[in-house]
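Report on the following structure.
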Amino acid sequence: MSGLLARHRNIIDFALSSLLRRKAKNISLLAVYTLIVIIIASCMLFINALKQEAAAVLKDAPDMVVQKMVAGRHDLMPVSRGEVIGGITGVRGVTARLWGYYYDAVTRANYTLTVSDGGQPAPGSIYIGSAIARLTGFSQGDLMPLRTYKGESKLLQVVRVLPAEAEIVSADLIVLSEKDFRELFNFPAGFATDLAVSAGNPLELATIAAKIVHQFPDTRPIMKSEMLRTYDSIFDWRGGMIVVMFAVAVLAFIIFAWDKASGLSAEERREIGILKSIGWETADVLLLKFWEGAIISLTAFLCGATVAYCHVFFFSASLFEHALKGWAVLYPQFRLAPSINAYQLTILFFLTVVPYTAATIIPSWRSATVDPDSSMR
Amino acid sequence: MRKSNIFILITCFNLALLLLLAAHARLGKQNAEVPQAVCAGIVKELQLTDLCLFTEARYTRHPSMADFHAPFQDHPGALDHFPSGSLVSPPRFSHEGL
Amino acid sequence: MIVQPAALALIVAALLTGFMVLYAGWYGVRILLHWDMRSGSELQLSLERRTYLISAIVNFALICQLLSLLLFIYTADALHSLFIGAMCAAGTLHVNGFGYPVLALKIVNFLLAGLWLIINYADTQGYDYPLIRVKYSLLLAMVPLVLLESFCLIAYFAGLQADVITSCCGSLFSLDRPGIGGDLAGLPDRSMAIAFYCNMAATAACGIIFLVKKRGGYLFAALSSMGFISAIAALVSFFCLYFYELPTHHCPFCILQSQYGYVGYLLYGCLLGGGVAGLGVGALMPLRGRGSMAAVIPVLQRQLMAAALVLYLIFTLVVSWPVIFSSFKLL
Amino acid sequence: MKTTSAFIIWLCLVCATAAYAADTVPVAGEKDKCPVCGMFVAPYPGWTGVIVLKDLSALFFDGPKDLCTYYNNVGKYSPGRSRSDIAAVWVKDYYALTSIDGMKAFYVIGSDVLGPMGRELVPFMKESDAATFFKDHKGSKILRFGDITPQVMKSLE
Amino acid sequence: MIELCAITKSFAVGLPYQLTAVRDVSLVIEQGQFVVIKGPSGSGKTTLLTLIGCMARPTSGRIMLRGLPHPGLPGSADSAEVEITSLPERFLTAIRRATFGFIFQHFNLVRGITVLENVMLPAYPTGEPYELFRSRALQLLELFSISRHAATPVDRLSGGETQRVAIARALINNPKVIIADEPTAHLDSGLSSEFMEILSTFQAQGKTVLIASHDPLVYESSIPDMVVQMRDGAITGITRQQ
């Protein structure tokens, strides 16, 4: 056992010597490899942190939202239906939600306007999200003009800027009173955007949803579990797509690695010939090649994962920012709760180290089977 | 010192660094509980359903409230939201400048 | 189709192992056809060199197989939130018809690859390539299974549709459900536990007899394979209940979750390792008369047997722990 | 005189504690386990049942089924006690998830809703709720607390 | 003892350009002998050395080793006889490592690494503890008075130093047989005779020395016990010296 260990360590010694002999080539290989690991790992860590954030933040979202559909599009929901739905056994409460979008031509940004169920703020005053405050420069006490449906300007007083740490849910929010909301959009009385339904027992939600659809076939109930699942699948999908895009980079790199491993120079052939003639066996040379690859991939993997973590959680994934921002004007600034686990590292290992290792098996073997007597000829 | 020892030390150092980061993540998760509670409070109070990640279109602002044909809703030039939707900006309409 | 990093990682691994094993199989055929130990011809020399490549490939495939088995189960577990009604891996695997075949094939292939490496190890200790035909026949048997597994895995992930309604483990492994899950759960719990302990005791006794008197290798292999199966059956029908402290929950996957301290990985790891070692003892039995193997195999068998016994012992201790020490009692 | 006032004080105390026992439902903690099956109770707040004994100690159950098993055989699980030591029985109304008096509740059996222990007696405060549930979830019978006999319990195993 | 029985080695068997490098060679080399194989280039000297040194297998004929280490094979005592012609490469390598030390025509040191590492190279895959063979390597360097170069890359050494490093490397695994292929081809007369002197001390230590050479300085020297003449792959004469 100790002999086996000693053999591995001896061979690692020589593998390091031979890697260091071709410094420029191997350091460039390591650099490219590390870069690929960094990109894939950043992407995975970022996506995973967002998923966890969504799950943590949305755990108190409405149990169910019921929308009315007309010709495949959302339509205004008669508030009266809320009473019918409230009568369904198992429903604890129904509230009409009033919310919509407002396009601000000056800043070219979309705001989300919403009415708080609690009756706050009072008519004439609003709360604004911190990203809006940052974008427009309005702060507490200022009067903010909003264009009504008639094109007139309506001045509303900012009484509160929503806390910056809640930006991930409230960056673009303007919270206003029901009266102002209806005046602004000429929103008909007796109608709401949709209904939020809460159930006493979450187990009953499916039954309640079935009853609502049965009673009002033109409605669409969306359960909280579906909202959360939407985020899971969006992020999984996006993460997967980014990984697929970078798979091309991985592929290119693997071709490069294959080429490096199989394109034995005359010098390398001579060296392996020498090793074999002085008593290295094919399996020893294979082990040497394995360790050369393992040293590079292990180092690249560990450094890449570390750098990726720092990139995502210390520098807020600044390399991705532009890709994620798209053409939105309002972009929330948030710090994600850091998370890293063995599962993600295993996936990363599979996506980077395993293909690299597979690509070097056959070339390594080819170089290991140089004839031992070749150095005598 | 033997080269293999140096390599083993560097690898151990890297692993330790990774473990340290895992510890940092655990700590950071605890620190994030307060802001997350603030967020959850606003979500509960305003009955919000979505994260505010992409504000460019309603199907990206409220993905869980959108429907199957959502990509067609916002403007005639809007393409599917991925991948072009997040890369291509919408055409400028004349009424916007007014 | 679910495009998700873990699924991609598994598909990449499946494609790589499939391709590599196919390549190895092709040269396996050539070795079986043209092998001639006495010849010093160049063909023979090149074939001898191929054997290094093939063992490197199977080594790679085995490690890949082991890691991807873990990753597959964990991924199935992590994906359960995408499917309505799934509580853990049991539900995710049930989403389409390829889930459980993939799992079964992964386990079988892991056992076969482990067996191959054991035989390969014995073979390389001999100076006369005594097991070359056995070894490459086994490799050829593995090739279609590995390819089938890769195909099933890709088909499984390709066929995953989010929002499919599936069953949760509570119903898959409930007593009144037809099928293997229900049958396993429905086994009489006490008698299964007794059968398991008897089997383990018999295996241990047989192993000790073998270690002392060098007899009974076949019996040991048979007992340890039976031990493997009875351990799974007893785990599902009896021991699970103690881990969950729930008298009705028979799921073999939930113990892999963090609430149970990932104890499942330890249990299944011990079981798989012990299974491979136990099978290895049996597989080496008929080969020990061949040429130089008479000196090699008995030593190897003793090591394997010791490994199998230790792993099974750990398994037994870990499953017995909650039965003895928890305050939970089955009625 | 002294004894009378002492008696009155004592009476007040008893009444107070009785009122306490009748009105407040003890909440299960992380460590509380079901005395019948040994499960932790806290992960299943929607099913938790409580029996308050006359000495004000509380027993927590992971579902009405285990509660009734206990109620039918108190001596087995709490040696030296009997049914007469029980001060109050609380179960969770399925729809509202609030604690209700178990003695007055309506129970549906045979439904397709499973509790942590499998088939369950699903409790309701109002008979109309029980009837709705009975229809929605394919129940087989609506029972009162007194109807829950050992035979009924057997059918739930 | 090394015994060759009717050894033939052909390359490209069955092809039009088949080449027979060694033809029906039989030879016995006793332990402790100093043997020189002489002959013009292309006479099969080197091929014969590769066959004896377990680097290649003969096409026909048998090679027996007696009283030499043969790890991994049955019969643990070194006195047992081993037939090495049909052994797998793995075992040939093990025997080569334990039994033979090689000195090549161009010395074949691995460039870019230090003298010490070059000397230790043959010991790496044996699984011997590092400290053990490192101290042995340092002793050898001391013996050949090149210790001060231990940390120097081999590319920077002079011809004589390179030669001594190559000899030190051949000795690291304590072999019983030293095989040298045209060792003096690139050395001046002074270095060549120094080389022969060093080899003769090995013979004095009981090692067998086997040299292929067409250098008169080697085969006309008084040191060898036996000179084997080869031409066209066959032995044409054996001269023994007393």
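Just so it is clear, A, B, C, D and E label the chains in written order, and each chain counts residues from 1 on its own.
Just so we're on the same page, a contact is a pair of C-beta atoms (placed from the backbone, for glycine too) under 8 Å apart; a residue touches a chain by one contact, two chains touch by 3 or more.
For clarity, every value in this text was computed on a predicted model and none was experimentally measured.
Note on connectivity: the fewest chain-to-chain touch steps from subunit D to subunit E number 2. When the C-beta pairs in contact are tallied for A-B and for C-E, the bigger tally goes to A-B.
The most central chain, judged by C-alpha centres against the centre of all protein C-alpha atoms, is C.
Computed from the mean C-alpha positions, the centre of subunit A lies at a distance of 63 Å from the centre of subunit E. As a whole-number value, the distance joining the C-alpha centres of subunit B and subunit D reads 46 Å. In whole angstrom, the spacing between the mean C-alpha positions of subunit B and subunit C is 39. Looking at subunit B, one finds that residues 2 touch two or more other chains.
Among the residues of subunit C, those touching two or more other chains are numbered 49. Counting only residues that touch two or more partner chains, subunit E has 89-90, 130. Per the touch definition, subunit A reaches subunit B in the complex via residues 9-10, 12-13, 16-17, 20, 50, 53-54, 56-62, 65, 67, 69, 72-74, 95, 97, 101, 105, 108-110, 112, 114, 116-118, 129, 131, 162-163, 165-173, 175, 194, 196, 220, 222, 226-227, 230-231, 234, 237-238, 241, 295, 298-299, 302-303, 305-306, 309-310, 313, 323-324, 326-332, 335-341, 345.
Residue ranges of subunit D in contact with subunit A, taken from their complex: 46, 93-98, 113, 128-129, 132-133, 136-137. Looking at the complex, you find that subunit C touches subunit A at residues 2-10, 12-13, 16, 20, 23, 49, 52-53, 56-57, 60, 64, 67-68, 70-71, 74, 78, 81-82, 84, 162-163. Every residue of subunit C that touches subunit E in the complex is listed here, in rising order: 37-38, 40-42, 45, 48-49, 124-125, 127-129, 292, 295.
On the side of subunit E, the complex with subunit C involves touching residues 12-13, 57-60, 72-74, 85-91.
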